[in-house]
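Next up, some structures in structure tokens.
Both complexes shown next keep chain A, but they swap its partner, so chain B is in the first and chain C is in the second.
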Partner chain A sequence: MMIKVNGENREDFDGKTLSELLCGLGYKTSYIAVEMNGDIVKKDSYSTVVLNDGDSLEVVNFVGGG
Partner chain B sequence: MKDTFKLGNHEFTSRFILGSGKYSLDLIKAAVENAGAQIITLALRRATTGNVANILDYIPKGVTLLPNTSGARNAEEAARIARLAREVGCGDFIKIECIRDSKYLLPDNYETAKATEILAKEGFVVMPYMYPDLNAARDMANAGAACIMPLGAPIGTNKGLATKEFIRILIDEIDLPVIVDAGIGKPSQACEAMEMGAAAVMANTAIATAGDVPAMAEAFKYAIAAGRAAYLAGTGRVLETGAAASSPLTGFLAD
Partner chain C sequence: MTPSYEEFERVMTERHTRPVYDKLKSARVAIAGLGGLGSNIAVSLTRAGVGELMLVDFDRVDLSNLNRQQYEISDLGRYKTDALSEKLTRINPYITLTRKTVKVTAENAVGIFGGFGIVCEAFDRADMKAMLINTLLCECRDTIIVSGSGMAGYLSSNTIKTKRALDRLYICGDTVTDSADVNGLMAPRVAICANHEANMIIRLILGEKEV
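Here is the complex of A and B:
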């Protein structure tokens, strides 16, 4: 059972919600945006989206840039 | 009357857009304040896990965030980054960067125009970074751009207004704010762009690589304000040949 987060495999999140994963990995939701299997997940859905084996997540935030 | 310019439905009095790349988070607040900037650019990248400082905590409240699409090589990638940036929840401004050329980092105007069309339709305030080409600028304007952002010189070079004559054409022909972005290395160059009638100047590397970051941000603020004031005043004419005395040519003392 693997969930890919920013290219890294993560275990132990199968059946958990996206909120639980983000919180477990230490992300603060007000700073980030999430794409799951290529689709954006709205912030108000984090607590209802359930993760399944093979899901791939991109978690992004702002950094300095020109 | 206040001298303002508009991007979408938003009105700004500061004509200095500040980049936030390549200097420490601790300097950002002072740089923004010294610059008097109301818009600051950001990039979007994969988030690192754990309790790391986030740039959003260092930007003074009330400053408009302008995410860029750096890293995008075509319109589809730019649109993907733009949608994610909006989802963070800091507004709908987007600076489009579509760059395939990794040596000179020149923007791809064709892909940029396509991205402009896609994102303008989705309600973004689209600010396309572009190579100063009149036809491409017209395409971007027709596609719904809120402004155009022609480069003065390749990104990060501090070489100044190498494309001056072409930016002049854009200012003359395009009925949108023309914001000179990239390559501006010194306050004098920012001032010159403003004297020419640019609506605003964006700078990052010039500030980030200066000896004193906040002090250089302030120097740019004055230069941009001076250039704007000169543009509004109308610069004096240039004589092709000869000279013209400034002092009266009568009333000289007798020999």
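Here is the complex of A and C:
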């Protein structure tokens, strides 16, 4: 049971929601964008998307300044 | 005296070659935020000969902007859209400029940026960056975004890089240094990051998808 997050394998999130994973990894949802299996995920779907074995996530975290 | 359109054409064609200049001249780019990133990006794209820029910012020029943004004392209190478009016109009067003096929200972003193949994210706040990028990636399926994240302080110049973070999202910066955590923003690193963004935009215009 593996979920890939930014290229790293994570074992403990199978069956959990995307929100639970993001919270567990310390992300603040207002500062990020998430691609799941190549598709951007809408922010209001984070709490309903359930993670399955083999899912691949890219999480981009933005910092301030410009 | 302002040089003629034909003189600009001759010099730009000699500099870039005709095929490259023609692509730049027919390109349209939207710039979201006209601060340290956006004002520098707009100047570079104008000098490169990009044919049409849409300049988007709700704010006015403040004294605290002059340490890194392309404004001057005579611009203080003016809308950034107005001050910057005048500056760009003094550099090249033959490009097309559109000004949108409006605060971008999740509700109005598609109306403002929809129809632009390349959008440059140049906001200051992390939540605003995320809001614009999420909205456009979800709602505008043909739009590519070039964003800036992580350029505060005076860390090594060499920490600033261009990455293809998602399929339609390029990020320029060190991705970690938050302006809230270090002693502010300084002209050199902001301009380095801005020109990473500007160069990635030019690469996309010229058909190069890799960073």
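Assume the second predicted complex is superposed on the first by the 62 of 66 C-alpha atoms of A that agree within 3 Å, B and C clash if a C-alpha of one lies under 4 Å from a C-alpha of the other, contacts with A are read in each partner's own complex, and residues count from 1 in each chain.
By definition in this document, a contact is a pair of C-beta atoms (placed from the backbone, for glycine too) under 8 Å apart; a residue touches a chain by one contact, two chains touch by 3 or more.
In this text, all values refer to a predicted model and were calculated from it rather than measured experimentally.
Enquirer: Figure out whether A:26 sits in contact with chain B (first) or chain C (second), or with both, or with neither.
Expert: So A:26 only meets chain B here.
Enquirer: Figure out whether A:66 sits in contact with chain B (first) or chain C (second), or with both, or with neither.
Expert: both
Enquirer: If we overlay the two complexes on their shared chain A, which of chain B and chain C does A:49 touch? Say first, second, both or neither.
Expert: Once the two structures are laid over each other on A, A:49 reaches no partner at all.
Enquirer: Should A:2 be classified as contacting the first partner (chain B), the second (chain C), both, or neither?
Expert: It touches nothing on chain B or chain C.
Enquirer: Now for A:58: first (chain B), second (chain C), both, or neither, which partner does it touch?
Expert: both
Enquirer: After superposing on the shared chain, does chain C or chain B touch more chain A residues?
Expert: With both complexes superposed on chain A, more residues of chain A are touched by B.
Enquirer: Under the contact rule defined above, give the chain A residues that sit at the interface with chain B and also at the interface with chain C.
Expert: 30-33, 35, 40, 42-43, 58, 60-66
Enquirer: In the complex of these two chains, what residues of chain B are touching chain A?
Expert: Within the complex, chain B contacts chain A at residues 19-23, 25, 28, 41-47, 49-51, 54-56, 65, 67-68, 70, 80, 83-85, 87-90, 155-156, 182, 202, 204-205.
Enquirer: For the complex, give me every residue of chain C touching chain A.
Expert: Within the complex, chain C touches chain A at residues 33, 35-38, 122-127, 129-130, 133-134, 137-138, 147-152, 165-167, 169, 171, 173, 175-180, 185, 190.
Enquirer: Name, in rising order, each residue of chain A that touches chain C in their complex.
Expert: Contact set of chain A toward chain C: 30-33, 35, 38, 40, 42-43, 58, 60-66.
Enquirer: For a test of understanding, state which residues of chain A touch chain B in their complex under the given definition.
Expert: It is residues 6-7, 25-28, 30-35, 40, 42-43, 58-66 of chain A that touch chain B.
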